[in-house]
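Have a look at these structures, which come just after this line.
Presented sequentially are two complexes of chain A, the first with chain B as partner and the second with chain C.
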Partner chain A sequence: MRDVVAVTNLSRRFGANAALRDVSLTVSRGCVFGLVGENGAGKSTLIKHLLGLWRAETGAVKVFGLDPVSEPTAVLARIGYLSEQPDLPGWMRVDELLRYMQAFYQRWDTTYAEQLLEQFGLNLGARIKTLSKGQHARLGLIAAEAHRPDLLILDEPSSGLDPIVRRDILEAVIRTITDEGRTVIFSSHLLDEVERVSDHVAMLHKGTLKLCAPLDDIKAKHRRMLLRFERAQAAPPDVPGAIRVDGAGREWTVICDARRMHGAAMARHLGASLVEDCPASLDEIFVAHAMS
Partner chain B sequence: MAAPRLNPSSGTPLYLQLVEHLKHSIATGAIRAGEQLPSVRKMAEDLLINPNTVVRAYRDLESEGIVELRHGSGVFIRESVSARTDLMKKAEPVIRSAVDRLEALDLDEDDIRRLMENELALRRAARPRRKQRA
Partner chain C sequence: MHSPTYGLLWETWRRHRDTAVAIAGLTVAGRLLDSEPSSLVDVLKMTSFLLLFGIFNYTDSTGSHGVGRFPHRLFTLPVSSLRLAAVPVVAGVASVELLHLSWTVAASRDGSTSPMFVAVLLGALMVFYQAILWTLERLGPLRLVVAGAVAIIVFAIGLLPSFAPTPPPLWRSEAIVAAMTAGVAVVSFLLSWRHIARLRYGGGASSAWQLEWLIAPLSAAMPARRTAFGSPAAAHFWFEWRSSGLALPTLVGGVLLAIVAPLSWFARHDPADTWRLLLITLGAPIILAVPVGMAFSKPTFWSEDLSLPSFVAVRPLTADDLVAVKVKVAAAAVVTSWLLVLSFLTVWLSLWANLGVVSRFVSQLWTFHGQSVAAVCGVIALAVMVGMFLTWRLLVCRLWSGLSGNRALFVASVLSAVVGVIGAIAFDETWLTGWPFDDPARVTRAVWIVAMAVAAKYLLAAYSWRRVSAPYLRQYLLVWGAGTACFLVLAILHFSRFQGLMILLSLLVVPLGRLGLAPSCLARNRHR
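Right after this comes the complex of A and B.
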């Protein structure tokens, strides 16, 4: 089966708030799927549907071809999940937690877990509540990874963590992917990290899927152009086909679809000079779509 | 071979940055003809980038005749590649003097990099399209 995840027309409201609006996407086996969006965009809500924590109100969610709500054991046995604040019991010791986790997963690899423990410098006898934030995250990572899940889901795992822990998390993503047939969903607002490792990126904004495409395509498609006018413009210049126009006075930045716009011609048409014409960063693309 | 500093948010795609770094390492003699490059997996893990990016870079180098993929053994620098050390040695002082002069104008690193990238981009845009690789 090629699609590990298939979400079709998924919508979800929490009271008056539309957390997800008609979201459809698929995640292919073997890819690193980056999920980006501001806080409250719906990323975690989407992920919770994949974990079977929410039932689809409208639309459908399939993981490994199964419904995670009606077949939780079959689905969750093959998923490794790490969230922003891994809820590990503070009173347990590291070794106790890993023994506890092992009971849930048939495919738990003790040697691999031990290898990771050593690599991360985690003390088997330490009580979880005494661990630093970074060590806590690393332990959560071992718990998510040691059974070599077919699908590793990381929901903002790097929030508030130092660069070394963030490295460990990225390494786990790469390690998972180089293992044949395993897939990663990586939700993060650290776009730099998403850009490094993702094959495919989906962008949520206020519950709507704004973009969903291979990362290479997204980057090839969006350009940033800096226009300079002779005289200050009172209002944003009208640039047909631009995704976003931003600026003030004489200088205006245009984020546009590179295939539909020829920068120099566009500048001439507006009576401005094209000062810069370069690929847009994921950050700029994100902001442009969020504000459009 | 020094680890490249890859910048995912620069205008250049990651795989191209890697290709350029490897070409530079070869040209300066940091990697020699006949040497083996790290496996896709090792490279991806060391650089923290998607393995597909490494694959693409290696394939690019292969199609340019710089490396060969030996089935079962790995990726090797072709014997026919000679270090263009002399050429690079001549180029380095040119760059150094240009940067010295720009710094004397009180431009900082970001300014200088931006100017260089703009200049190269303008030249690239002015060049006739290279023939498509199969």
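Right after this comes the complex of A and C.
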């Protein structure tokens, strides 16, 4: 089976708010799937559906071809999960946590766990409640990764962490994909991180899937153009095919679909000069789609 | 709102105004019912004071912990540390005095203790309570146990002037005891203030107490898991035992050590007191299982949040497995608690108890059961088994509502227990003795009602257990059968009259249908 995750027409409402609207996507085996979106976009809600913590109101969720709600043990035994919120029990010691986790996963690799512990400089006898936020995240990462899961889900793992811990997390993603056949779903609003490690990106905005494609395709599809007008423009110029037009006075930036627009021709048509025409960054693409 | 003091007071009021209204309601109801003293009025009074202490805990909780710490968010306000500490203390003391004043007539009418003395003790208790919650942050939820122990000590101090000889010597007079208690309360407040000031400027609990040298080796010496678990269920059993299973044995042990043991020593010459203490000791696990069971039935023991924590929810265990582990942890907690009780009884009764009344009771049993020592031993063993099953029942009977994650359902379930407890306290047992003899048809009606309840229980059981895996069903039927058999044998042996009614009631005690609902309720909570 090629697809590890298959989400079909998934919708979810919390009261009057729609957290997910008709979301459909697939995650292929062996890929690093970046899930991006602003706070409240629906990333964590989607991840909770994949873990079976939320039941699909409409639509269907399949992980490894199974429904995570009706067959939680078969699905969860193959998933490593690092939560957005620190959720490890504070009263446990580090070694107790690792022994506890080991009991649930047949493929738990003690040598690998010890190697990571040493790398992260964690004290086996320390109580979890005495760990710093970064140490807590690192321990959560060991607990999620040491059983070499088929699917590693990291929900906003870098949120509020320093660059060194963020580097450790990204290295964990890279380590995971070096083992053939393992898959990573990585949610974040730190787009530079997603851009560094993901080969496939899905962009959620207010519960709607705006984009879902290979990262290279997304970047090839979007361009950023800087237009300069001879006279200041009171209102944004009407650029056909633009996703977002932003600026003031004489200079305006246009994020557009490269397949639908030729920069120089468009500038001539508007009576402006084309100062810059380059691929848009993921950050710019995200803002353009979110604000459009 | 121009004054910081007013702002701090307003915040307390805004957070707890519903509770304040409830306290007012209880007080009014208590005063209206106060035409003659009754247990119900005492219960209302006690509840109103407990709620008031709940308001003035003045801590912030993170949601995963039931008891939080002094609100650190206040440290950025342009207010002195003295005022931060003093406002809740003064407001708490003033409120408790006001509430005491509202109840004073009822409290002092038949008591020998003066209302002024009680007022001083209550004010001091409020200061001690807040000091414990704020300064012993490292103890976590155990602070409530410490606060409970301090409340018992203050209660015992209140009894000091009433001990013989009368009038008491000067050092035990109300004025001197009140002055000393108030002095200790002032010292407690000063320590709290100092602690808050240190916290505010970067000092932590450890720097305030300077006990790290003692705590670190003690903590290292505490038993820790050193070997691998045999199965996921064994690992989760250990997790549940450490999170919630230890609560009942700890409380039972604490009650035996802090209350029953000293009282048994003081009452060692009085056979009637010994008998009363024996009943209290045997009842302790059952009584404590009522509040512990309410917390135990939630997904997280010390948390107000009823949703299943993601740390547990993402473990590859079925809802059946998770409930089975809870049920087994409850059984382990009950066995440990009763072992503590039986060990204590063995030591106490053999070393320093006056066994006059106890011996009379045993000889009556001996006569009743055909002068057979084996029968007496059997009946005592059966009674202990019944006590254990009753304790276990109180721990697990609310699992279905607690694990459901549905707050309304859980609150309704807890309220039904609270109403039951209040009803039991306020119940006039003399009514029960006359009730079946006044009109024999009443017993027939009662038998029919209980029979219908039994039928409903088995119908619910058939419905609720249909989706639970067969091995768990077989295991639980064995446990249920053993428990029900204990109650049945006791009913048959000791109730020659109304035996049919008692047999039917025995079939109702050990939960069956509701426990079968727990896995599906937990699954709904886990997969929302």
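Quick notes on this one:
Here, the second predicted complex is superposed on the first by the 292 of 292 C-alpha atoms of A that agree within 3 Å, B and C clash if a C-alpha of one lies under 4 Å from a C-alpha of the other, contacts with A are read in each partner's own complex, and residues count from 1 in each chain.
Criterion: a residue touches a chain if its C-beta (ideal position, glycine included) is under 8 Å from a C-beta of that chain, and two chains touch if they have at least 3 such contacts.
Please read all numbers here as calculations on a predicted model, not as lab measurements.
In the three-chain model built by superposing on chain A, chain B and chain C fit together without any clash.
The superposition-derived angle at chain A (between chain B and chain C) is 140°, Cα centres, a multiple of 10.
Of the two partner chains placed by the overlay, neither chain B nor chain C lies in contact with A:Phe14. Using the contact criterion defined above for the overlaid structures, shared-chain residue A:Asp192 touches chain B, although it does not reach chain C. Looking at the superposition, the partner that touches the larger set of chain A residues, chain B or chain C, turns out to be C.
With both structures placed on the common chain, the touch criterion links A:Cys278 to chain B but leaves chain C unconnected. With both structures placed on the common chain, the touch criterion links A:Ile177 to chain B but leaves chain C unconnected.
After superposing both complexes on chain A, the closest C-alpha pair between chain B and chain C lies 28 Å apart.
Overlap of the chain B and chain C interfaces on chain A: none, as no residue is touched by both.
Looking at the complex, you find that chain A touches chain C at residues 51-55, 69, 72-77, 79, 81, 83, 85, 87-89, 91-93, 95-96, 99-100, 102-105, 125, 127.
Interface residues of chain C, counted against chain A in their complex, comprise 219-220, 224-225, 227-232, 234-236, 238-239, 242-243, 309-311, 313-318, 526-528. On the side of chain B, the complex with chain A involves touching residues 6, 8-9, 11, 13-14, 40-41, 44-45, 48-52, 117-118, 121. Residues 32, 167, 170-171, 174-175, 177-178, 191-192, 195-199, 216, 219, 276-279, 281-283 of chain A are the ones that touch chain B when the two sit in their complex.
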